[in-house]
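Sharing a structure, written as structure tokens. Questions coming.
Chains here go by letter, A, B and C, matching the order in which they are written, and residues are numbered from 1 within each.
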Amino acid sequence: MTDIQTPVGGGRTFAHRWQRGAAGKSSGRGARRAPRWSGRRRERVGQLLFLAPAVVYMLVFYGYPVVKNVVMGFQEYTTRTFFTGEAPWVGLANYREVMSSAIFGKAVANTVLFTVGSIAGQFTVGLLIALFFHRRFPWSGALRSLLLLPWLIPLIVTGAVWKWILDQDNGALNRGLRALHLVDTMPGWLTSTSLALVAVVLVNIWIGIPFNVTILYGGLQDIPEELYEAAALDGATGWRAFRYITWPLLRPVVGVVLVLGVVYTLRVLDIILGLTGGGPANATQTLATQSYQLSFVEFDFGQGAALGNLLVLVSLLCAVIYLRANRRLVDE
Amino acid sequence: MTSTGRLTPLRPATTWRRRSTGAGHTGGWGSTAVAVILLSVMLFPVYWMVNVSVQPGGGGAVATTWLPLHPDLSGYGKALSDQGPHLVTSLVISLGSVVLSLLIAAPAAYALVRFRIPFIQLILLGILVSQMVPGIVVANALYSAYSDLGLLNSTVGLIFADSSTGIPFAILVLRAFLASVPGEVIEAAFVDGAGQLRTFVSVVLPMSRNALVTAGLFTFLFTWSDFLFALTLTTTEDVRPVTLGLYQYIGSYVQDWSAVMATAVMASVPAVVLLLVAQKYVATGTTAGALK
Amino acid sequence: MSRPGARPRTLRILAGACALPLALAACGGGSEGSGGGSSTVKSLRVLDYYSNEPDKAVYQKTLEACGQEIGVTIDREAVPGDTLIAKVLQQSSSKTLPDVLMLDNPDLQQIAATGALAPLSDFDLSADGYAKGVVDASTYQGKLYGLQPVTNTIGLFYNKKLLAAAGVKVPTTWDELRSAAKTLTRGDQYGIAFSAINTYEGTWQFLPFMWSNGGDEKDIATQQTADALQLWVDLVKSGSASKSVVTWSQADVNDQFKAGKAAFMVNGPWQFPVLNEVSGLDYDVAVIPVPKAGMPSVAPLGGETWTVPQTGDASRQAAAAKVVACLNSDANQLALGKARQTVPTKTALLKQFVQENPSMAAFTDAVQTARSRTGELGEGWPKAATKIYTAVQAAMAGGKAPMAALQQAQAG
């Protein structure tokens, strides 16, 4: 955070003092409160009050479900449990069963490919579009908002529409490709085991672009124009301006976009279910869809929760990496 | 080393912005044309949705032509008469969720950026973890709680539940944006005698309008398109968002796609309007003005 | 059984509204035996999945009529099909199960196994005179848990015009099917369309072929099942069926047939209303072809069964049982059958039914030899169903040899 704080003008000493988070000291400086210790106390309480509603909300709405899910991974939780309330403890049996199932290896591979492919595509295209819209041209605002349309559409509708577009015999995509003479045989986007994952990744990229564009665009907007002007005076424009001004100042926003992107993509369920249901022949089965299948189709919630927890662990790893990288950013 | 750099060192950032990357194009109608082409490619599926909604005979993959040559608005008729009240419900819940989320998330994001609070990293991790929890886990847990509290089939209940996707997200995004608010502006406010809350409300919030609108926008979109909580936390038709209303056209055996697509198109309209209105606020960078 | 304080709101309101001291029956803690039959039941909660027209209206009318007969109002919740079981589980755990619960017949065994349903013999209801397959599906460990008023199955729809134009007869054996489909494949029109999707719907469509050839769900890695799977693989390989069958649901298959993109289709009578609306489509239904002439065509039994969950309130359960019995009355079976293109389950009614609904003749015949999915495996059916569609997908989309695909799926 510090690297953005250095202002173009003066006042650096004030900024630094603020950076060290010397909240207590600042209250002393203002000399508004008489005894220093009670002022500090009130200050601290005031600060915590800023945070309190959010913490309470999160604990209520997430704390219990998360804990319950973790515990469920260690229990034999089936339809019977819902009625009788009994869920015998089975320790790591669920995890062992899930990880030794024939689909596990495939699901892991698919998850990795799906996530990496989606994020790479969404982010790159999103950044390029955001940079393009960074300039002002007529209607840029309206056009940029229209870009959010893919997000507005209910996922069930998106799934259905893409399923039609990708249909092998009559879909718009294949009809278009045939009209343009780009292919000889109609590719089976959703019916061929080799193409299905590609198709699903492409649709996910399509859905994810608006999210990336909007946040990155907002981040770009916040970079002060003076920096570009000052750099231009020194002769740094184009790629160099991007590398030395845009990218470093955009890094916190990029970090958030990437980590959230990974976390959301790992969880993606509706679009895969809508397009292929995990098929054909498990070609698009990811850890998330497999967890759903175990829990809500086979009603073995214990195993489904175990798989879900594995997913959360992976996301956790990414989050920790993000936080470490973020902290390093602060220290720089 | 461009000539423009030497000639116009301190031109204010209004209509003409130099580019950081790109081929050095100037803004103008050429860019608009490119943008329109880009949008047409990106939005083709949306066009297809509209196309199917006006196809006669219930639509479907098989017989749909590129252009709706014989438009049939019966799908819209059905959708309008059935889904009108559901649209209003969705709107109320979404706006309520935006207000609630921003109320809770903005101070929290500010606190995480500005204050020296112990366990910040832990709290951040907790927020990130919450994003990893599959929605269905939360929905199932909420069902029992809501059932006991009598919050099922209530707008308020849905507002609180739908905010669960918006709040953590808003905190994370706002935090990233607020990190770029320069410290000296806040210092200045303090020196002028404003308290923490005052500083936050009168100085920081206006400056982060950009970020607030972005976060609010996404919260609105998350809630608008939520299906899971609508399905789980309602048992009657009293409070039914349009995402759930859509399902009455999708049976196990027969699907009335033109009605579904018509509903989806109608459901997108208010959201699009809101988007177009909101984009005005995301247009200008805010800190640039504050420093001048 | 029920947690104190967790009684549904409706009961509390009811208690307040009634003048009689209903505290016994209605207040927290449940009333198992404590109120006996002393509380008058004013309304019953019903849960089903007929969430879209015309089924929704048909059942609303029927339920309300039954409610009037018994003297209760019906408080009904209709949810989308896929979400019913999830809802039932939620309600199980929060002890808010409805009084009358509709279940898709293959789900009954799992739910009965949890103990959530009350045996209907407790209410003097029996399934005498019902088709055997139907009774099997609603029976768990020898006890009857549900009564199913109407059933359906799948048959071979054919486009009369296309068949006549090509001079093709309606096939009755697999070989005839193969050649008929091949002959009728021309241009962008496929000979046949069926659903081989990776859900229970795909399994459902595969069952008549598997069962008619002697295959069994206890062990699918047998030659008979492999031969059935081979038929499907051949139909796709020879181009008579589109490769997209692995992604089609029965609704999608119907869309293909509607648009004239398939001359045959495997589907059920619920499509009649949609097909009848298409102008210029002249179709009819035949029994699904069998491997060799003279063998019986064994199709799966569909339809939903009505159950009485254990809510702990004896008087409510008794009233609910009356509703279930009313739904299964002769008059209602015939009416529902006619309105919903389904077949009554009481064998005595079948003759009259076919007379009144000649379009349902093929399905009525099929129902007589049909089999229920859960008859043999009970709660083990879902796992077997998953294995079946996994094998079908592996053979049709994954390119595996049928026997190998079945063996791998059977092994799990």
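Just a few scattered comments:
What we mean here is this: a residue touches a chain if its C-beta (ideal position, glycine included) is under 8 Å from a C-beta of that chain, and two chains touch if they have at least 3 such contacts.
Everything numeric here is computed off the predicted structure, so don't read it as measured data.
For subunit A, the chain whose average C-alpha position is most distant is C. Two chain pairs, A-B and A-C, are weighed by contacting C-beta pairs, with A-B ahead.
Separation between the centroids of subunit A and subunit C, computed from CA atoms only, is 40 Å. Averaged C-alpha coordinates give centres for subunit A and subunit B that are 14 Å from one another.
Residue positions of subunit C touching 2 or more other chains: 90, 93, 261.
Annotation for subunit B: residues 60-62, 140, 247, 250 touch two or more other chains. Shared interface positions of subunit A, i.e. residues touching 2 or more other chains, are given as 163, 167, 170, 296.
Those residues of subunit B that touch subunit C in the complex are listed here as 57-58, 60-63, 140, 143-144, 147-148, 150, 231-232, 235-236, 247-255. Subunit C contributes residues 85-86, 89-90, 92-93, 110-111, 113-116, 188, 197-199, 242-244, 246-247, 261, 382-383, 386, 390, 393-394, 396-399, 408, 412 to its touches with subunit A in the complex.
Interface residues of subunit A facing subunit C in the complex, by the touch rule stated above, are 79-85, 101-102, 163, 167-170, 188, 190-193, 276-283, 296-299.
Considering their complex, residues 1, 4-5, 7-9, 11, 14-15, 17-19, 21-23, 26, 30, 32, 43, 46-51, 53-55, 57-58, 61-62, 64-66, 68-69, 129, 131-158, 160-165, 167, 170-172, 206, 209, 211, 214-215, 217-219, 221-226, 228-229, 232-233, 235, 237-239, 241-242, 245-246, 249, 252-253, 255-256, 259-260, 263-264, 266-267, 269, 288, 291-292, 295-296, 305, 308, 311-312, 315-316, 319-320, 322-323, 327 of subunit A touch subunit B.
Within the complex, the subunit C residues that touch subunit B are 5-6, 9, 49, 51-53, 55-56, 77, 79-81, 83, 90, 93-94, 96, 250-252, 254-256, 258-259, 261, 268, 270-271, 273-274, 277-278.
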